[in-house]
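Each of the next two complexes has chain A plus one other chain: chain B in the first, chain C in the second.
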Partner chain A sequence: MSAVFAIAAADFKDAWRDFRLPVLAALSLVLAFVAAWTSVDRVTRLEAERAAAHAQDRETWLGQGMANPHTIAHFSQVAMKPATHLAAFDPGVNAELGATIWMEAHWQNPANNRAAEDTLEAQRFADLTPAWTLQIIAPLVIVALGFPLFARARESGLWRSLAASGVSAAALLTAKFASLLLLSLLALFPLIVAAFWTPIAADAPAAPDQTVRAGWLIGLYALYLLAVIAITLAVSAWARTARFSLAILSGLIIAIALIAPRAITSAADLASPAPAPQVFEAGLREGLEAGIDGHNSADARAEALEQRVLAQYGVARVEDLPVSFAGISLQAGEEHANTVFDHHFSALYDAYARQRAIARAWSWISPSLALSDASITLAGADDIHHRHFTAAAESHRRTIIRQLNEDMIVNARGLDFDYLADPALWAAVPDFAYAPPALDARARAHVSHALIVLSCWTLLALLLAFVGVRRWAKA
Partner chain B sequence: MFATIIRQDLRLLSRDGLALAVLAALLAALVFAVMSAREIAGAHAAGLAQEEARIWQRQAELEEPVGPTQIRRPATLEPSPLSVLSLGRTRLDPAQAEVSFFSRLDLMFRDYQIASPFALRAGAFDLSFVVIVIAPLLMIALGAGMVLSDRDSARLRMMMASPASPATILLARSLLRASIVVVPVFAAAIIAAHLSDRAPPLADLALWTGGALIYLALWQGLIAFANTLRVRADAASVGLIAVWAIWIFLIPAVTSATAAALHPPPSRAGLVADLRAAEARGRESAPEDLIRFMHDHPELQAQGDADIADWMRSNAMIRMRVEAALRDPAQEFETALQSQDAIARLAEFATPALAANRALADAAGTGEARHRAFRRQAQAFKADLQGMLTDAALSARSLTRADADAAARFAMDESAVPRNASSMWFWLAIAALLFAWTARRASRITPI
Partner chain C sequence: MGAVLEARELSKNFGPVEALSKLDLSVAEGEIVCLLGANGAGKTTTINLFLGFLTPSSGEALVLGAPACRAPRAARNALAYVPEDVALYPQLTGVENFQFLHALSGQPKLGRTDSLLLLQAAGLDERAANRRVSSYSKGMRQKVALAAAFARSAKAWLLDEPTSGLDPHAANELSAALRHAAASGVAILMATHDIFRARDLAMRIGIMKHGRLVQLIDPKTLDHAALEALYVDHMREEKAA
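Right, the complex of A and B next:
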């Protein structure tokens, strides 16, 4: 035990004396401060703006005077996506997905008002958030602290003295592991504090299983940092010189944390592309016109509907109906359109999900990608959570439009679009209230995949480090 | 002597696993970048063309008399043939709108936001990415120890016994090692540009390659300079990688975070709520607005169906109200983004990565400036077209096919796209200084 302590103390002195530890700790302090400040400010501001805008929009909705329900259906409501506490830690793809959905009649809009459009190109290089600092900066710091731990001892001949003192390979590995862990904790302390503090300080709604999510995030990030420590030790144990160790580690970390995620994500985008917006919209229009199978044109549907309604009420002319045929026709149009929207939007979200599945499969070569994949899910800032939000908005859109069409069917007989409904009807339409979901099976699959990948990398790297140390000890 | 050193170094590199690995990695990255960007740029262009064709097809099918509300025009940001080099904001910013009597400023660009969020988040893997992020790393791997490792191993002493001066050795090796990265990059850029369906604009291609050359020359200058320092090769590698991380990640990250925190754009959600409130008010007050409007415009008495005229007038009244409500917030957005951009422009003098990113995207026609100019011009076109259509629409007057065909068409004025490459000139000057300083120091390189 004393040997372990002595080795750790010597490594600490080395890192302190050649300024690596103080410089890296200072860098980490600055980054932690900027990341925490800007992330808390962003989420708190966005959430306050959303809440105010939602309240204002509700007031506008309730303040509408007498009007035809279909005019109001076109105006409809807007669903605004709330941020969550954990999005302050990892904003995921929130900025690239829209934040508002206009729930108008006849048309399911994708979410728009993407925050990414209001950001500088510089942000596309790197987004300074607590998650990014732990995914990218922390490994570089660990490498800078740990690359010479074994390699320099061999270069300087200290290795022989250690071997002669009878320290076993396991004890030596334990000592170096403890050294690097301690050094990393000291250097990364500000980043770790910022990561804990940011979601707590952000004023935003919590997910129902916030504690579970936070627990998983802590566990996965701790495992990731352990994996990086193990990789650093393994490379240092096998490298002949400290320079070679640094070259390999820098290349490896840059490759797995920076290059591979972008390359894999691009490849996944090519393998399962989302349609061009114009193509997507053309598909929707064609579906609305011809039906999903292309054999049920709008004219034929209208004719069939009229015949069915006339038969149902036992009358020969539309004018003799006891209800508004315009209202029935509008609702029938909505119901047909809903099948078209479900078909196309499902295909769109399935394309995103396939991209993620492809990237996840390749994340075996990049623990950073595995971690970020799970991290955005746990932070509630991924496509799964966005799909939940869009589904809730779409369901609410259908409720609003149905309610307004039904009022028209019952009350607009003979008047149709000249009928004016009382403002009490607007108050009867529910407000859009959205709560983020708890983790479901799909989300848990992303988390467990990351856990397995990170565990395998950690174990494999530790094994390699152990073999490397023993090999040199024998030599 | 110079040629001999190059030949010797080439022999050395051809047996060096690291050099071969660098070349292989570079070639793989270039092939993937060209394929990936070509696919994305192709799909983008095809989508725009499909929508243009659909709108013109509908216009061709119009029958006389043509209602003014039937006239539609596409406003499209023509995809640049060089977008295959830098995708820039291709999939992020709107590039098309269908303009008609009904178009409203706030809803002109809509339903375009469905590109893969993961790909947008990760950023495009295009030639710009290879030039700005990957190439410097490979140049560091090849060049960080080109003289220093010989000094570390005492081989430099032997080399200096030959007639070649240290400066000649450094220059020859720098040229060779930089060429291993630069030549394939430029070959890939030229091939990719010519793979496009349309001929690439040569001036823009020259600007793109010039920008990339300045950026890579700066890196090579820095690497050569590091080789004149009295440090070990591994220390030089660490220093160069640290500079790489600071220029490529730290400064851009801190810049964007600070700019967004200091000059946050106004609330998008708040804007949506404000505009909807204006629309609701417009709907309520449309009858009174209409009376006032018709009082001011007696020449617009309905010639056709009075009901249709009333409906169109109400529509126009609401649009005018909403657009009036949009004026101030739009200005606030513009101001906030300009303030953020001013910070980014300053940061371009702190990191060549940001300067090169803007220069390459602007040269490829996919930068912020061209997209912003397109939005402004498309909005101005909308105002012009609606101005033409309004009189006819408000008086419910029908048009002939000839009138419809004569309606304005959108054409982007590319000369109005601002270009400012001052930061690249600054980095060119820094690169020149670095080379001069390196040459001065190289003559004093000692073998130990």
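Right, the complex of A and C next:
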């Protein structure tokens, strides 16, 4: 044990005095400050804007005065996705998927207000978030600290003295692991503090299972850093020179943390493409054309509906109906459209899910991808959570439109689109209040997968490091 | 006096190359044995076999009667190894490096004062001991290793070309340190090219050639000139071969 402590202490002093540790800790401090400040500012500002916009939207809705319900249905409301505490840590794909949905009649709109569309790709890449710094910067810091631990000792001959002193391969590996862990914790301390502080400081609503999610995030990121430490030791244990160790590790980290995640997600997009927005919209319109839209009385379906309704009320003419046929027709059009929307949006989100499944399967070659996949899920910033939000918004849209159409059916007999409803009707329509979901089975599958991938990488790398140390100790 | 180090028909082949062939040699407590020979003569291979870094092709390398290859950690715990070029942590001071090397031996921790005393005994003064090793000469680094060897109470020291590159003053200090260690009962096996240092220090000198111990000499029976002549003859035969 004293040998383990002595080696770890000597490595620590060496890294401190040759300025590797202070320089990397200073770099980490600057990045942590920028990442935490910009992330807290982003989420707090977005949440404040969302709350203000939502309040204004509600005020406008309530202050519409007397109007035809269907006119109001076309104006309708806007659903805004709230940011969450953990999205300050990892904003995930929120910027790509959008945050607001216009809930108008006849049409299920996709989410808009996509921050990604307002920024250049290069700018987004440079966006510093605590999650990004831990996924990309932290491994580079660990490599910079750990690449010479075995390789330089071997180059200088210190390794031979260590081996000749009777220190076992296991003790040597334990010592180097302890020293790299200690060095990494010190150098990354500002980034770790920023990661904890950012969600706490962000003024945003909490997910219902926030504590569980935070616990998983801490566990997975800790495991990821341990995996990178193990990989660094494994390469250093096998490399003949420190320079070779640095070259291999730099290439490896760039490959698994930067290139592989992008290449794999791009390949997944190609393997299971989601329709382009124009194609998607054309599909929706084609589906709607096959049915009725409520405005087209010449439509064959409208004719069939009319006959059905006349038969139901036992009258021969629409004018004799005790209700507004226009209202019935509008609601029937909505219900047909809903089946079309459900079909197409379900297919769209299934395509996203398939893309993620492909990326997840390939994440065995990239622990960074496995981690980021679970991280965006735990932060509530992935397609699963987005689908939950769009489903909630769509359900609310249907509630609003049905409520307005039902009012027309009951009160607009003989007036149809000339009917003006009392503003009390707008107040009776519920406000859109969204609560993010707890982790479901699909989300938990992403988290479990990351846990398994990261554990396997850690164990495999430690095994490789041990074999490498033992090989050199004998040679 | 019992043999601390003993080679019995010790051989080592690297593929078709016979690096060491049927070496029979023992080093007793308090004895200094020097192995002389050109590069590739088998001196370092012999040391590596005693350290358990290599497994013999045949024969045995015994440390305190136990085969080093079967229990390398036990063998290494009984040995102190001083390589030709001692590698230390460059950013640590001499004292810190000494304490580091001492901690590896698993012995009780030595305080700063005791550490400085042992370093001084090895020829490194306090001022130098408190400097970072990055500014040390080869001889100064060797003194740190020798002090650590003293402190770990090893039964035997293995030295691989320890005088190579040392100035005469540093080489004399090394000789004094080795004599002191031998006087305290340490068995010393030293591989060297330095005929005069070997003649000066050793109780027996082995001349090695092509992995074989070709002659084992009592240096008291030869003066420097005779030893040199004998060694040069062997080397000339080697070149001719």
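The rule we apply is simple: the second predicted complex is superposed on the first by the 463 of 475 C-alpha atoms of A that agree within 3 Å, B and C clash if a C-alpha of one lies under 4 Å from a C-alpha of the other, contacts with A are read in each partner's own complex, and residues count from 1 in each chain.
The rule is simple: a contact is a pair of C-beta atoms (placed from the backbone, for glycine too) under 8 Å apart; a residue touches a chain by one contact, two chains touch by 3 or more.
Small disclaimer: the values here were computed from a predicted structure and weren't measured.
Because the two structures share chain A, they can be overlaid on it, and in that overlay chain B and chain C fit beside each other without clashing.
Between the C-alpha centres of chain B and chain C, as viewed from that of chain A after superposition on chain A, lies an angle of 90 degrees, to the nearest 10. Touch criterion met: A:132 reaches chain B, while chain C stays clear of it. With both structures placed on the common chain, the touch criterion links A:348 to chain B but leaves chain C unconnected. In the superposed model, A:67 lies in contact with chain B only, and not with chain C. Within the superposed three-chain model, A:5 lies in touch with chain C and out of touch with chain B [touch as defined at top]. Once the two complexes are laid over each other on the shared chain, residue contacts for A:280 go to chain B alone; chain C is not touched.
Once the two complexes are laid over each other on the shared chain, residue contacts for A:104 go to neither chain B nor chain C. Of the two partner chains, neither chain B nor chain C is touched by A:306. Of the two partners chain B and chain C, it is B that touches the larger number of chain A residues. Minimum C-alpha separation, chain B to chain C, in the superposed model: 17 Å.
Here chain A touches chain B in the complex through residues 31, 34-35, 37-38, 41-42, 45-46, 49-50, 52-54, 56-57, 60, 63-65, 67, 71, 75, 78, 80, 92-93, 95-100, 109-128, 132, 136, 140, 144, 241-243, 246-247, 250-251, 254, 258-259, 261-263, 265-270, 273-282, 348, 351-352, 355-356, 359, 383, 386, going by the rule given at the top.
Residues 51, 53, 73-74, 76-77, 79, 81, 83, 85-92, 96-97, 99-101, 103-106, 109, 132, 145 of chain C touch chain A in their complex.
Taken in their complex, chain B has these residues touching chain A: 29, 32, 35-36, 39-40, 43-44, 46-48, 50-51, 54, 88-89, 92-93, 96, 110-125, 129, 133-134, 137, 141, 232-234, 237-238, 241, 245, 248-250, 252-261, 264-265, 267-270, 272-274, 276-277, 279-280, 283-284, 333, 336-337, 340-341, 343-344, 347, 353-354, 357-358, 361, 367-368. Across the complex, chain A meets chain C through its residues 2-3, 5-7, 9-10, 13-14, 16-18, 153, 156-168, 474-475.
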